[in-house]
Amino acid sequence: MDNEPELQDPGFGTKITTSGDRLINKDGSYNIVREGEQVWTAYQSLVEMSWSSFFLYVVIYYLGVNLLFGIGFVIIGVEKLSGVSPAGLMDDLSAAFFFSVQTFTTVGYGAVNPQGIAANLLASADALVGLISTALATGLFFARFSKAKAQLIFSKDALIAPYRGTKQMSFQFRIANLRESRIINLRASVILSWVETMPNGYTTRRFYNLPLERDKINLLPLNWTIVHLIDDKSPINGWEPRDFTQNQAEVIIFIEGFDESFGQKIHVSSSYTCREIRWNAQFLPMYYPRNGKTVLDLDAIHQFEFLEE
Amino acid sequence: MDNEPELQDPGFGTKITTSGDRLINKDGSYNIVREGEQVWTAYQSLVEMSWSSFFLYVVIYYLGVNLLFGIGFVIIGVEKLSGVSPAGLMDDLSAAFFFSVQTFTTVGYGAVNPQGIAANLLASADALVGLISTALATGLFFARFSKAKAQLIFSKDALIAPYRGTKQMSFQFRIANLRESRIINLRASVILSWVETMPNGYTTRRFYNLPLERDKINLLPLNWTIVHLIDDKSPINGWEPRDFTQNQAEVIIFIEGFDESFGQKIHVSSSYTCREIRWNAQFLPMYYPRNGKTVLDLDAIHQFEFLEE
Amino acid sequence: MDNEPELQDPGFGTKITTSGDRLINKDGSYNIVREGEQVWTAYQSLVEMSWSSFFLYVVIYYLGVNLLFGIGFVIIGVEKLSGVSPAGLMDDLSAAFFFSVQTFTTVGYGAVNPQGIAANLLASADALVGLISTALATGLFFARFSKAKAQLIFSKDALIAPYRGTKQMSFQFRIANLRESRIINLRASVILSWVETMPNGYTTRRFYNLPLERDKINLLPLNWTIVHLIDDKSPINGWEPRDFTQNQAEVIIFIEGFDESFGQKIHVSSSYTCREIRWNAQFLPMYYPRNGKTVLDLDAIHQFEFLEE
Amino acid sequence: MDNEPELQDPGFGTKITTSGDRLINKDGSYNIVREGEQVWTAYQSLVEMSWSSFFLYVVIYYLGVNLLFGIGFVIIGVEKLSGVSPAGLMDDLSAAFFFSVQTFTTVGYGAVNPQGIAANLLASADALVGLISTALATGLFFARFSKAKAQLIFSKDALIAPYRGTKQMSFQFRIANLRESRIINLRASVILSWVETMPNGYTTRRFYNLPLERDKINLLPLNWTIVHLIDDKSPINGWEPRDFTQNQAEVIIFIEGFDESFGQKIHVSSSYTCREIRWNAQFLPMYYPRNGKTVLDLDAIHQFEFLEE
């Protein structure tokens, strides 16, 4: 992420408009609809879905595959399954389904076992599919576990507030690490984007890197308040709340760092629109000393108070 | 990738010729034949082959290994497999094969089970090979899944086109992400390579970094049109289509970025030869606003129109 | 990690105090208490706990899950388990527990096997839970194994000692690699932090990068003695032992490198407080030649001797 | 790796001597003996040993663990194993061993199955150990497979040869990729190390970065000849073969790059001592055109010819 103040667009192009909506969602995803032929990304979906959805898929797959094999054994004929005596269709299917489960999972009690080439071949396929499925599931579980989902939390609101008790106004928000993990070498980029009407009546989207009081820290043991000083050179110098609204302004945040627990680089993004900027307010402290220790209260990250004018 | 304009070769050497063929294939691989003793790279092959080939290998391995163990049990004598009564050779082999499958997969119904030291030892080896094979397969499945195959798509053709409605000509192509994944911090290098005949009659291959209007973007939410302005300093200033052909010219592209979904750096390369460069044409738009949203149409990436002179 | 001498704080803020305690513990963790809602990090805990704790959890889980399924089978009725004849509750539970073990592990001897829909469904669930648990365990084992826990050892004490026999005093400590692995491209940052009382009576914590004789090495075949020369510009020039104590001074160390065996970047940190700094002492050699080879004695890393005045 | 010419040592220290031996072995490992308490690195050993050793360990472990459990079942009494009738000790042990194998691998034919609490508990432990062992093996297989062992090959000898037909002498060696994989962004550092006798009779080891004609390439499709020009500033300007010997000189090579197939940074090192430097010789070509293609012959990497004076 470069830090030259006037920025060519970070990749959105200058023709994009948002009509009151946003470029980047709060969770960092793009507010863009994709059409046309894409690459199907089963792996990515299965890794990124919630744990409850994932387990649901696992159970549905388990039941579905065994039902299919069960139907296969019924077609071959349950009389080929030693230990099952043919009864009605549902009973046969039930017996065949449970035999498939015992084969797929490689439990293989043996009270039921296949006779003849066809049933044995189908059982062999069933067991192979079971082993492959387990291999796939193992890989997916590991990928889900080991994915470094950085749990950086952003304050819900950004503030326009005096800087450290001076009269100098500043744009501020803060972040903290929701995990016990160590995130190091953090860098922040804050980009202001707005739509400008040109003299010829055309509109163009502009992007501007907001200079920061500090754009990197080595460690994140507590919280980090990221501050842009609204001095003479700042593009938002003199802006009123309605300027943010009219200009479709959006402050886009990129944070990168290195998560030691996962041994991976992390990248987190978010944005603040006019609806999430509070004027003349200041954040309340998040940490305090207690018995010679420093205590960090993560629940306090969103807390601020309005200042009297 | 350095960006000094005049470049020492990126690794091909100055003596390499292509005789109308190319240095780098469209898919980014080298157009070079390797001979002599190499390191056998079973892992790499098994990870990079298509899923259908991979499953075919798995099935062939499964059948082959169990056939070998089945032959082993026949040699020991199927009378050592309790539950099997010796019949003709094919029946014995069939029974022994399915017993091996039940052991290899660790299903172990038990309707057939080994008697005596020899059969038990062979069954123990069979089960161990089964476990090891499953372990190997699990690792391979995970490696195949977790390999960040960047699905960047390049426009089929590069264009020689006026730059943004001006009279300034430019060399252009564009890329987009076929996946839903986030690729960030992309950098592009575009190298022109051609063969030059020296005054003494020798030929030498030259390499030249084409300066780009922009050589990096932070995000790739839409498409990225990569543009080289053909100004006075450009080595292709004044070239005609036949110059590209005669000089064995090739434009080599390197793109690097970071894939957030896989947490890995990605590197993609491709090239354009004279047969893939269109003169006096311009790309058609790939995205448009709809209901306040921006829609990206991936199918439109290759679409361009010729300009009237 | 930047190396400009006067440093903005590395992330602790200027208001933090320690009252004789420390900012960073010897093992590199932060001496900070976290409160409020955090993200539960089962994965991280399971990966970072000791092997004995991990195996204990595995055994408890194994017994617990099978006990639950065993109770389930007792509720359904052990008469639904063919091969078990109902006896007292404890006998039934024992039989059901062992049947569950045989199903969960997919051993499935078959001497006991389920009859009827309910028992078969529960057994199917048991086997699925077994497979999933094995998949999870496999992922956890691999994550535990492949985590590059750099085994850099720091000398217990830092020394204030003359530099290489000159009269120039220096601050020194040393590190070595406890593993046979190759760590390359090491960089060290040494930050002095102390609390200063301002003229207005307020206290502020200051951070200062101590310049090093060498802040990086390419290889770590032996030990590395990291040296800060206490010259005129050094902030600790003229300090006495009591200055360290009164100023709540702490020397914070960050080491980064690349572990070739694990293919991962490593980051290690530690700190020295006044209680771990020895004055007027020098380290004893850690390596010596023997039969034309160089021998490194890792046990000697902490050894130093006091100098006579 | 820094490239300032006069170099502080890369980590060996200035007091190390080699007495005709070397600092770095041909395979890149350090020629140093480590003593004292180290961290046991079972994982690293198991990952880095050869495949044949690894499989041998697996088989020994498999036999050993099942032998131990077999002895356990014999102690409990084989009459607790339904299906086994007590015979002599060896027969009992054999039956118990194979029963353990069937349990450990989770095959569980069931022809033999445990009776009573003690035998069932031991069988439960056996199956758990089997599952854990399989999980461990799976992780190890994957780690072994996915470890990016760069297969860069160095020419056996380095040459002191005229540079490209000029009279300018140069120090040369060459590398190539034994694998089909893509290695990109390679950088080379070449360090000359020698022992110098100071005026006071002490000896000190010196290290000097040899400037290279090119110290990086983007791709390695063919071979890379790495060249240091022996000009006026070169520390080996005017050296004779005996200077290399007397000064315990050694040329240490570090290569780093990025292996696209494994998605990992790679680091390879080696060294040349006086015994591996040929004077007045030049490498023979490794690639040639054939049918419009370029053919690379890997077997030719070591081939050179002596020049007539």
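For clarity, chains are labelled A, B, C and D in written order, and residue numbers in each chain start from 1.
As a convention for this text, a residue touches a chain if its C-beta (ideal position, glycine included) is under 8 Å from a C-beta of that chain, and two chains touch if they have at least 3 such contacts.
Fair warning: this is a prediction, and the values are worked out from it, not measured in the lab.
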Magnitude of the superposing rotation for chain A and chain B (Cα, nearest 5°): 90
Same vs different contact residues, chain C with chain D, by half of numbers used: different
Chain B and chain D, separation of their C-alpha mean positions in angstrom: 27
Distance from the mean Cα position of chain D to that of chain A, given in whole angstrom: 38
Junction residues of chain D - those touching two or more other chains: 102, 106-110, 134, 138, 142
In the complex with chain A, residue positions of chain B that touch it: 58-59, 62, 66, 94, 98, 101-102, 105-111, 134, 137-138, 141-142, 145-146, 151, 178-182, 184-186, 214, 216-222, 224, 258, 260-261, 263, 287, 289-290, 292-300
Of all residues in chain A, those that touch chain D in their complex: 106, 108-110, 138
In the complex, chain D residues that touch chain C: 1-2, 8-13, 16-21, 23, 29-39, 41, 43-44, 47-48, 82, 102-103, 106-110, 112-114, 117, 120, 123-124, 127-128, 130-132, 134-136, 138-140, 142-143, 147-148, 189, 254, 264-265, 267
